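Read from first to last, the chains carry the letters A, B, C, D and E; within each, the first residue is number 1.
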Amino acid sequence: ANVPVKLQLKWFPQAQFAGFFVAQAKGFYKAEGLDVTLLPIGDQSPIQTVATGAADFGTTWITDLLTARQQGLPVVHIAQLFQKSGYTLVALKSSNLTDPKQFAGKRVGVWPSGNEYPAVALLKKYGMTTSLDSTVAKPSVQAVTYPFDPSLVFPDKVDLVSAMTYNEIDQIVGLGYPLDKLKVFNVSDFGINLLEDLMFTTQKTLDSKNFKNSGMSGQEVAARLVRATIKGWNYAVANQKEAVQIVLVNCGNTCKGSGTRSNAAGHQTWQMAEVAKLYKAGQTLKGNAGLLDRATYNANVKLLMDLGILKAVPSAGAVNYSVWEEATGKKAK
Amino acid sequence: MASRTVALGRVGARGLPGLGWLTLLLGLALLLAAVWNVWNFPLDGVPPARKALSLALIVLGVGAGMYGLAALARRTGGLVPALLAALLTLIAVEGLLRAYGVPPGLIPTPTRVATALYQSRAVLLTDARVTFAQEALLGYLAGVGAGIAVALAAVRFPFLERGALPYAGLFSSIPIVALAPVIVKAFGLEWPSKAIIVAITVFFPVVVNVVRGLQSANPLLLDLMQTYAVTPAAAFRLVRVPSALPFLFNALKIGSTLALIGAIVGEFFGTTGQGLGFRIQIEAGRFNLDIVWAAIVIASVLGIAFYGVLSWLEARFTGWHASRRQPG
Amino acid sequence: MTAAAPVPALRERGQPAVHLKDLNMVFRGAQGDTVALKDATLDIGQGEFISLIGPSGCGKTTLLRLMADLITPTGGDLLVGGRSPAQARQERAYGYVFQAPALLEWRTVLNNVLLPLDVMAGSANRMPKAARQARAHEMLKLVGLEGFAARYPWQLSGGMQQRVSIARALAFDPGLLLMDEPFGALDEITREHLNGELLRLWQETGKTVVFVTHGISEAVFLSTRVVVMTSRPGKIEGVVDIDLPYPRNVETRESPRFFELATRVRELLRRGHGFDADHQAR
Amino acid sequence: MGGNLGPMLIVAVIALLLYWPLMLAVNVGAAQRSLNSGAELGCATAIACATQLRNPVLPAPAQLGNSLRAMSVPPMAPTSVPYNTLVTAGETVVGLLIASALGVGLAVALVASRAFERVTLPWLIASQTVPVIALAPMLAVVLGQYGVQGWLPKALIAAYIAFFPVAVGVAAGLRSPDPMQEDLLTTYRASGWQTFWTLRLPASLPFLFTSLKVAATAALIGSIVAEISTISFSGLGKMLAENSRASDTLALWVIMLYGAGLGIALVAVLGLIERLVTPWRAGQSR
Amino acid sequence: MTAAAPVPALRERGQPAVHLKDLNMVFRGAQGDTVALKDATLDIGQGEFISLIGPSGCGKTTLLRLMADLITPTGGDLLVGGRSPAQARQERAYGYVFQAPALLEWRTVLNNVLLPLDVMAGSANRMPKAARQARAHEMLKLVGLEGFAARYPWQLSGGMQQRVSIARALAFDPGLLLMDEPFGALDEITREHLNGELLRLWQETGKTVVFVTHGISEAVFLSTRVVVMTSRPGKIEGVVDIDLPYPRNVETRESPRFFELATRVRELLRRGHGFDADHQAR
């Protein structure tokens, strides 16, 4: 019998997780002896479901993982899928904003719940502060929080709005603002490359000698999971049309865009193309899909410490390279 | 609601501070020992023997404490037993969380929450001001005012009572959460949208209760007014309004708890960066659950105070009412 | 009875204080109609003291409520002081003591008695505030409750509450008093005391009184005429003229004539009663 | 309520008539701002756009009707609103049942023991003023730790929010018998149980139902919040969350309508049960 | 009175049914103590019919409640059938008719009458279900309500409700009946009818009755002795032996002796009354 594994995604089902859905649909997980359930989630952090054992593995982004560890949750990074940040701030071209330096005095829309850090980091880099920082009395930028839907605030209530390249930008287009009317500030272009979709688990799972009485160790289950997932991603990126079809089967109400582009197939095709760009970058281009780039990681840690979000350098236990090594048979450099 | 039970301030006959206090103090001591026993260890570093000892102490301490508290509560009224119960529970929880090494990112210990409460007091107070004074209070006042106005109209014009009031009953069973996103979308992210959510949630119970109250006037008293041939307005003022007061206060108290919850939920659907709901949401995302709990503590303290003030006003203005009479 | 300018009193007109002719009252209800009053005919003279007596549910209260314009007859004629009941009510021509005390529980005893005076302060029979207070205290004294002015109604026994409501009805000195079992909740001695007071008041002021009671001797003792009613449907069974001499006092109650009249009333009552009427479900 | 039907219909018609100009007024503003900002809405003027905005402030009746139809069929598909309404209804009902059991038990304890009341009652009141909604996600996480997943945590959160009105109402009801009625049973030397069954419990039934109606709404809020904030594969809350992310305002309206309908239906059902269980109040004016 | 095995009746013991010696009852309150009963001494014989009469608030209800073990005296001796009141209550030795009907609104009239039989079904004076039903119907007939068995209390007038509560108290055939103004809400004819029924019942069964009333003639008509009480503090002012012959009927009420006794009672009442006592706030 296959080993039952619960994997916590970090959002509702969509092409952002194409690799996982493909691995499942194509039987890559089965081939590894795993019976994987993919769990969707809304606003909450995937960390908590994994830390409490409601799920065995999860995907999240780096800030979430490191802040959680700082608060005593023993979560461990095991694979890095997206090598590049897809976080952007979007303005109307007509606003004549061309450089982050001009953001002072503007209103910036950000998502709460820990999703606000890339924006904060970018602003800080240009010497600006926000009301999100509780220690600041007179912030130079007014931050507006809202639950992800850009139409709530853009363009009426904010000058700049948060958007993932693969989702919200297309939603904004759907609201009636084609790309040529938008100015997109990709935070990774400004040196803020806080890493996103990664895989993690708990130290306890990794340490278990006999994962759920399967006869396999936790480490081995993790390695098989990572191996099949990378295979799934490689397939999805290579066969995007097919991948989108597989995603659409899984996504119920959640896959549509908004406004005039409120059509699931079209929106997910956009999304697939965009996440493929985030996947096919950095270490993936060097043939090391799934590997966490040490330099980027160190830069991320430094950035978070500069922001005051991390109080100390995370212990070495925060990242486990051996799972990736066991999964790929390569040596992590 | 709890008209008969909310005797928060009454102190019963006091007996000798005997066995009850003694066992309670013993229980507290045992619990403090349990906490001290596992105080300075890393989360995953509590030696099994210490953990076992603390658990044993907690079981004994809670047992002794509850026994003492029960004996005490039989003689002591007012808030004292309840506060002692809270103290007992908090120390026991502190001990349990420390003994099991529960990470603060999951459940913070009471001492951490207290610390956060102190350290973040400035921010939290500003948040509380926005959530309470602007969103909850203004929304509450607007909702109550509109509710009373509509209730008066409904009683004045029977057509409205028959045609519109049933809808008020129906609307009052609509869940706020289903309402909140639509309203935030319609009225924007600033505090007025939250005040509107609050106003709507408060509005319906006020309408329903005030109408019921105005109609609860003793028909005999209305007949009496007839025999005096007074104007409808005078009959209203002399008989209907006083009869409605107990019902109004009931609605005001229900509304007070709904108001805070409405404001906080409203903030989950978008803010300009202030408020207790915003704070809870943002800090939960950063795993700063100590601040989250501190915000919750502030919200409930405000809620209790709000409720208390209303109860006090109720006692002042409806002291004549049957439910407030001393027996005998 | 010094204070309060008298109401433009009914008795000045020389008409019957109350005039009923074939008066009918039918309550329409979901489970059928109730004939509460059938073809009642009666003239009550100025300054009379009329008692209504009859079994429970025979329409005594209904009759009083008709006179007070609290309900409208379904047939027949009704005049109060020569005018329609509605007009009489507008002119505040009568005082009404309800079967239950009907006190405003949020007003003290004194303020309850002051209520009609306050309410009418704006109208023709205006009184300065001090006079109103004095008048209210006087009325409380009359019913033996001057020590309870500052109490709330719930602090009083049922009988005391009833007395407050009597004081209240007397306070504005109406020419016509409609009293629905005002002394029902009182013990016999208090009751007799108040009977005496009421009689005195009636004699001194020349008011017309319509008085509902279950007490035969009370009715005989107080009245100029006793009207005996029967139930299902409510009808006037007979009228007994009470020719007892004045002043009426303790001896009156012990006179053979009193006994005779009481027996007449009892007989009439028994005739129309049929205790069995209650045995069957309506 | 039968006699109110005519006036209710008239009021409904008036409300609908007033809705149209109101909707136009608010939407024209929004459309104008969008057009000013250079959006391509597929319509030329603000007036023209007002009834066909993708994100209207107030939806046009036709839009709402279309969405309502589209989201309601096929009724039992996992993506349709009726199906998800049923899911939420199930969680709410189970939550309400748990809340009733808990609330009644608590009420009995409160009435039976003065000491228990003194120790717990202030905290029960406080628990009402705590934004339970903020606690729901954490509660779900804690429950998840013990393998409580799926619909059960939603029902438990619903129960957590709903038990208080039940407890307070039933406690008041259990205390409601006239002291004279209690004396009566004392003269019969009735046991505590007999007094409870023959006097207190029946006396508390009207109170129970009044508070159950309040609790039903609270439970509905609880289960929707729980669906939003915990892992859910179905339910109104899950649909709200999804569609809010997808900027689908019309869908939000449709879901809201279904939620309102569910709340109203729950209260109506309780009213029906109340009539069956308390026949002695049938003709009494309340 | 055929059904129901008689209670191990008090009358079999040859002791006074109720024995009071210097009985005191003081209610302690925030605004001071109320002496509701002061040094009451009285022996009530087996099979006696005792009426308690006195002004409102003189302690009549208090005395009944003491006998029923609903409150505990603050001083003096009290024995009910030779035992403590508590024990008498445990033995279900008495039936109590309260001043108000105290019906359970969710039970039909019949089920209200069945209540004591149901509650006691498990105990010594057990009765099969059919017998209980028959008994309840019999009692309803006695009070003239057999047609109303299936109604709910709110569908009855106040007087009818009171009669249901009398039927309920009689249902389990207690040896001692404590009745607190049971006929207060009834009109005089119905009242007289029930007086007759009660008298018949009492004679046939030899029960002991302690009966509170405001009606002097009712008290004289029914009783073997009338106990007159005074208020503030509640005391026994005097006891009047009623030596009217049996059977008592309409003629009894018209006999000179009846009149004499009633006057005696009235005098006693008046003596201790001091209407003025009510004038001052307590």
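Throughout what follows, contacts are C-beta pairs under 8 Å (C-beta built on N, C-alpha and C of every residue); 3 or more make two chains touch, one makes a residue touch a chain.
Being a predicted model, the structure only gives us computed values, none of them experimental.
Taken together, chain A and chain C share the touching chains B.
Chains making contact with chain A as well as with chain B: D. In this assembly, A is the chain whose CA centroid lies farthest from the centroid of chain E. Among the inter-chain contacts, the highest number of C-beta pairs connects B-D. One inter-chain figure worth recording: chain C and chain D are separated by 53 Å, centre to centre, where each centre is the mean of the chain's CA atoms.
Centre-to-centre spacing of chain A and chain E amounts to 84 Å, using the average Cα coordinate of each chain.
Shared contact sites, meaning residues of chain B that touch two or more other chains, fall at 106, 181, 185, 268-269, 284, 289. Residue positions of chain A touching 2 or more other chains, listed in rising order: 48, 52, 147, 152.
Within the complex formed with chain B, the chain A residues making contact are 45, 47-48, 51-52, 64, 67-68, 70-74, 112-116, 130-132, 134, 142-147, 152-153, 157, 309. Listing the residues of chain D that touch chain A in their complex gives 33-34, 37-42, 54-55, 78-79, 137, 141-142, 144-145, 147, 149, 228-231, 233, 238-239, 241-249, 251. Those residues of chain D whose C-beta lies close enough to touch chain B in the complex are 1, 3-4, 6-8, 10-11, 26, 55, 57-58, 110, 114-123, 125-126, 128-135, 137-138, 141-142, 165, 168-169, 171-172, 175, 213, 216-217, 220-221, 224-225, 228, 236-237, 240, 244, 249, 252-253, 255-256, 259-260, 263-264, 266-267. Interface residues of chain B, counted against chain C in their complex, comprise 218, 220-221, 223-230, 234, 238-239, 242, 245, 318, 320-322, 325. Chain B meets chain D in the complex at residues 1-6, 8, 69-74, 76-77, 79, 81-82, 84-86, 106-107, 159-160, 162-164, 166-167, 170-179, 181-182, 185-186, 256-257, 260-261, 264-265, 268-269, 276-277, 280, 284, 289, 292, 295-296, 299-300, 302-304, 306-307.
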